[in-house]
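Accompanying notes for the structure given below.
Letters are used for the chains, namely A, B, C and D, taken in the order the chains are written, and counting of residues starts over at 1 for each.
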Amino acid sequence: MALIEDYQRVRKYSETLCAPLKVEDYVVQIVEFASPPKWHLGHTSWFFEEFVLKQHDDNYQPFHEQYGYLFNSYYNHAGDRILRANRGNLSRPTVEEVYAYRHYVDQAMLAFIPSIRDEGLHNLIVLGLNHEQQHQELFLTDLKYVLGHNPLLPAYDTARHLVDGGNTTEGTVAIEEGVQAIGHDGTGFAYDNEYTRHKVYINAGSINNYLVTNRDYLEFIEDGGYQNFSLWLEEGWKWVNNHNINAPLYWRETEEGWRYYTLAGDKPVNPDALLCHISFYEACAFAEWNGARLPTEFEWEVSADNLDWGQRWEWTASAYLPYPGYSKQPGAVGEYNGKFMSHQMVLRGASVATSPEHSRKTYRNFFYPHERWQFTGLRLMAC
Amino acid sequence: MALIEDYQRVRKYSETLCAPLKVEDYVVQIVEFASPPKWHLGHTSWFFEEFVLKQHDDNYQPFHEQYGYLFNSYYNHAGDRILRANRGNLSRPTVEEVYAYRHYVDQAMLAFIPSIRDEGLHNLIVLGLNHEQQHQELFLTDLKYVLGHNPLLPAYDTARHLVDGGNTTEGTVAIEEGVQAIGHDGTGFAYDNEYTRHKVYINAGSINNYLVTNRDYLEFIEDGGYQNFSLWLEEGWKWVNNHNINAPLYWRETEEGWRYYTLAGDKPVNPDALLCHISFYEACAFAEWNGARLPTEFEWEVSADNLDWGQRWEWTASAYLPYPGYSKQPGAVGEYNGKFMSHQMVLRGASVATSPEHSRKTYRNFFYPHERWQFTGLRLMAC
Amino acid sequence: MALIEDYQRVRKYSETLCAPLKVEDYVVQIVEFASPPKWHLGHTSWFFEEFVLKQHDDNYQPFHEQYGYLFNSYYNHAGDRILRANRGNLSRPTVEEVYAYRHYVDQAMLAFIPSIRDEGLHNLIVLGLNHEQQHQELFLTDLKYVLGHNPLLPAYDTARHLVDGGNTTEGTVAIEEGVQAIGHDGTGFAYDNEYTRHKVYINAGSINNYLVTNRDYLEFIEDGGYQNFSLWLEEGWKWVNNHNINAPLYWRETEEGWRYYTLAGDKPVNPDALLCHISFYEACAFAEWNGARLPTEFEWEVSADNLDWGQRWEWTASAYLPYPGYSKQPGAVGEYNGKFMSHQMVLRGASVATSPEHSRKTYRNFFYPHERWQFTGLRLMAC
Amino acid sequence: MALIEDYQRVRKYSETLCAPLKVEDYVVQIVEFASPPKWHLGHTSWFFEEFVLKQHDDNYQPFHEQYGYLFNSYYNHAGDRILRANRGNLSRPTVEEVYAYRHYVDQAMLAFIPSIRDEGLHNLIVLGLNHEQQHQELFLTDLKYVLGHNPLLPAYDTARHLVDGGNTTEGTVAIEEGVQAIGHDGTGFAYDNEYTRHKVYINAGSINNYLVTNRDYLEFIEDGGYQNFSLWLEEGWKWVNNHNINAPLYWRETEEGWRYYTLAGDKPVNPDALLCHISFYEACAFAEWNGARLPTEFEWEVSADNLDWGQRWEWTASAYLPYPGYSKQPGAVGEYNGKFMSHQMVLRGASVATSPEHSRKTYRNFFYPHERWQFTGLRLMAC
């Protein structure tokens, strides 16, 4: 049965990602937005326990009465939960206990799945697997944040540094003027925010088939980009000054030049590699400096079949807002996307940290304009 | 000469608005976003001194060497400036000195205007007058904030309470599907953010020809709207809880029912009057509760000729972003609009506090989603 | 009758101090700890209205029902009050109205005083006058804070700059070892914190008969005193670094050398003048650098008859704690001193801003260790 | 050799205390003031490496070049250090690596100690052992803070709950009036803050021979003690209201009555047990409510031989200030005590968490008035 195989494959991949960790690495949280590995392992299991097993499997006995409180993320429908900033405050449950919880849930799910006849329930489990894939990427970005801020700069996995790839294409792709359809067509899985498919008027344009590299960005830095207010949005300029920003996240200037932390450890910045870990503000300032602009998410989507994409989440010029006809699902899963539709910007594409089989051209990722701990990059287009 | 007359009329109106004030009222600032009347009077004069007289009138002698520092608002190009939050820290210059400054600038402008031959310079003065009109509305909203938070609830002008009007129309207006042109056509003055005029694909819809009233909103309150998380955006729900919001700004519950502060003094809430002083979050939650939604700024604009508008700034579903082909002007006036194009939402229409001759259907006002001290209201449309 | 004369003299002096002000100066508050002149005028009147007239004069009609809310400072017994940080938020009542309030209270008091037969009530009025004298000094220090932070650096009164005096004596005064009595002996007015008179064991020592001058302190600055952590208390070192402190309050370095704001306007720092506007932390660091120490309040008091004092409030090494046998009075006036007996340090002496007839050698002034807006200085003694 | 034995005994006791921990427990820090076990183990070793081995043992090779940065606490003399609040951000070094560091330092110390002939160096090692004993108590209080804030309320060691003891004596002890000597007499080890021994005038009084119990304190709670402003110091009243304090730390009200977290797990509050985990503010408010007061540290010390003490650190009425003739040692160890002499209050006695052989009647412990995570209690005396 395909769902069983998908379930096993996705769930196993989360544990594979954890293989290089020490027990101590599972525990630490240093900023509110980056959760500890232990929590990711527990939360992705909680999703199946809370929304599938507790509600649909009459035989299910919850593993522990307080795990719902510990591992709920942001679902108001699912009740009280520990503060997000406090996820790293928990020495208990131990790592061993969290794995026991995962395996308990897995056993129950594997016993339960074959009995499922209802398409809605089937789709809910598919949603749970996509949810877990999102957390697999977050696992990597959150872990990078902790290790990359440790004075010892320990490597996660020297075989996987993930940011050294460069452009494999060049040139531009032409965009034709006219009305085009945007959004998911309903074939296969998609999140609710990719619906409904609707028409958009697209202007003619020309979009780069390559992303901005570290070499490009070093020029911006050396030209005083971070000191020139006229390149920045007002909120961006405040952010730069309040946080003394002068380079992408994980970069630091040394006597031997710029270095950056990667999951394979500390390295000199590779000028050919694609720029990574920048905010929307930096993307806009760089584009302004370059006399170019960011594509809208619609321009990106209508060009996607002709573009080389997938190494970086690409900031777009579009705010994260509902598509015409958008409606959220009832209950807790309706909190998945819709309530976040303010203050955030859309990113398109995927990154080297994205889990296998978890990308498509209609995918709408979204983060706050100042956030940089994802593998974010930038594609320009002509003004 | 029309420009001289416009200059005199607009400048005089600022002083007319100040007529009911006591000296003390000119001085006080209680929140960063609401500046004191003295500062508005100085800043609007500074605009002409800094951008017109200092740069184009060779005969001009600045009034005071430090007024540039005191009365610059947010123009990085124009140098250092006092922190916005500190505008109320200044007992000096006195009100009398600020009026002397205004009149000094006016004399210089009136002597200078007849000599102008350059269209760009002419347009810059027109921009300065529109700028002053914007500050006239801010004068009223900022003053209301100070007086409305004074325990004595003093009236500004008992003849002008400004919020008691109700709907004069009913029914809905149909929107037709298709490609339509959006933005200013270039006839008469418009801000740079209204350009370039461009095509947008509009879906069919139905927009209300009336605004939400206090009666409507009281139902929402009584139905527990402020306590029901499922109606709110995530950022809105945080805002409601962090600030203990349970009613529009200036409302307070008393033993005799809801009352609100108006510029004519404290009054019982009039159920027939149009709802005023709500945030974007409250607008969205109310719409959600009502099974309706906010129009986009494009839906609003294509319907505007058929709508009754002008009593409240109407929150739209559109983020404040540049139109295709937008480019900011060089130098300081380029900071007027463009750099604010993140985090804010577009409001359309105008309000009872808007200055005469300062509204048009392509006007794009913008505020942060939590802001309520403007005369903001809400028009719904069917989902 | 002496009390009537005292009442009139003290009350009038508050208004004399206000003579050089513009209306705007009465209104502004820029930090929580420094209240606007309008508030001082109202609050000192409120003391008599609230504690004397309302409670003891059956004929008294309160001036305005909300003035109690507006002009209570910190008396929990006297009910709700406006937040201290919001005293500058009030454009109303106007200055004229506050003077009307003062005069209304004065008339009632002058009519009421002759009828008083009760000693407790007499003493309460004496307390009210001492209270007003304290606010007269605060009036000057608070006003200096507002004007001294105005970019225009306006003078209050060019005839009174108040900080230019230097030492008039030299040498040291010997302190003899043994048991001595400390505290007020009950002759004349004293605050409750000066009681009870009790015995203290004093060690032999030698205390300077002169205060630290600006010349002395400039040496400390030039020697890197503000950069040398080993001179500072832990809390002081945090304070220096968190606030980037590098000189006394009101000092600023210019191309022509150090200048400071005085109530007579901006001037070059006078090296012979007594050091002023320093924190307890700076006092301690300077003493440490000098190989000396601050006297305790007991050492100060037993030497006071032989010392030249009265130009600066002198930081002592003593924490503000109750004397043996201290007991606070019942009711609101019991909140005058006792509840502040934690976190603060004792200052002894008086300053050039202290009101006439408001100093004595047992007087215990107290402020937080970081506070500098009082006219604070420093006397050293040998370790 | 006694020093070798002392070294081995004290160092081993730190590891004994860690025996019940899981790896995860070593890592977590949830507030700035409570450090993780891993850090305590590293820091106490660093003390010997930094101050003894690096400076006096020519053969010593540092274990790791960055451990100085990671394990310095507050010694400015010893260079840069990780922010105190970030001690829990470190998943690496692992627990295993920290133990390796300890054992490396121990081997070097045990090889080095026999060669020591210098008394100052001997005393420095004794200081290091007393330092480690202080951290042993902090280990318990910090660990209790983490486990006691975990929703699972895990026990540390069910055999050691540490707070259940009650009074074993009753009655009062008379204090005689007169001059008495205070401070350490120089026999055996003492911290610099216990010197110099000096004379103090003591008033006659009567001090309880028993401590306040939970029963006593429950009466205070039930009588509305936390709601009655007139019992509290101003700073205490702000603290109660800002933090919604309504019981000692670790207490919580349940349907079955008050319960508290102990290191042996969650238990009903035992009314006979000595009150624990209160702030100085609560101590003062309780005393005020009781018509009594706290003893000064001098009253405590002169009575100590006749008192039963050692179960709770007892808040005194004395601010933590230097004794007459106090002088700090040169260099880093001079930072041990002296720089903390502001804002803190003296506690006398010892607690059930104090390490064996680490208490004496002249010992001056000190904490900020709001701090409660130590095993703090209260002894009253008559006013």
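We adopt the following convention: contacts are C-beta pairs under 8 Å (C-beta built on N, C-alpha and C of every residue); 3 or more make two chains touch, one makes a residue touch a chain.
Values in this document were obtained by computation on a predicted structure and should not be read as measured data.
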Those chains which touch chain D and also touch chain A: none
Mean-CA-position distance for chain C and chain A (Å): 57
Length of the line joining the C-alpha centres of chain A and chain B, rounded to whole Å: 37
Rounded Å distance, chain B centre to chain C centre (Cα mean): 45
Topology of the chain contact graph, where touching chains are joined (line, ring, star, complete, other): ring
Touching residues (chain side chain A, partner chain D) in the complex: 22-28, 30, 66, 69-70, 82, 86, 88-95, 146-147, 149-152, 154
Residue ranges of chain B touching chain A (in the complex, touch as defined): 74, 76-77, 179, 198-201, 203, 229-230, 232-237, 280-281, 317-319, 321-322, 324-325, 327, 334-335, 339-343, 369, 383
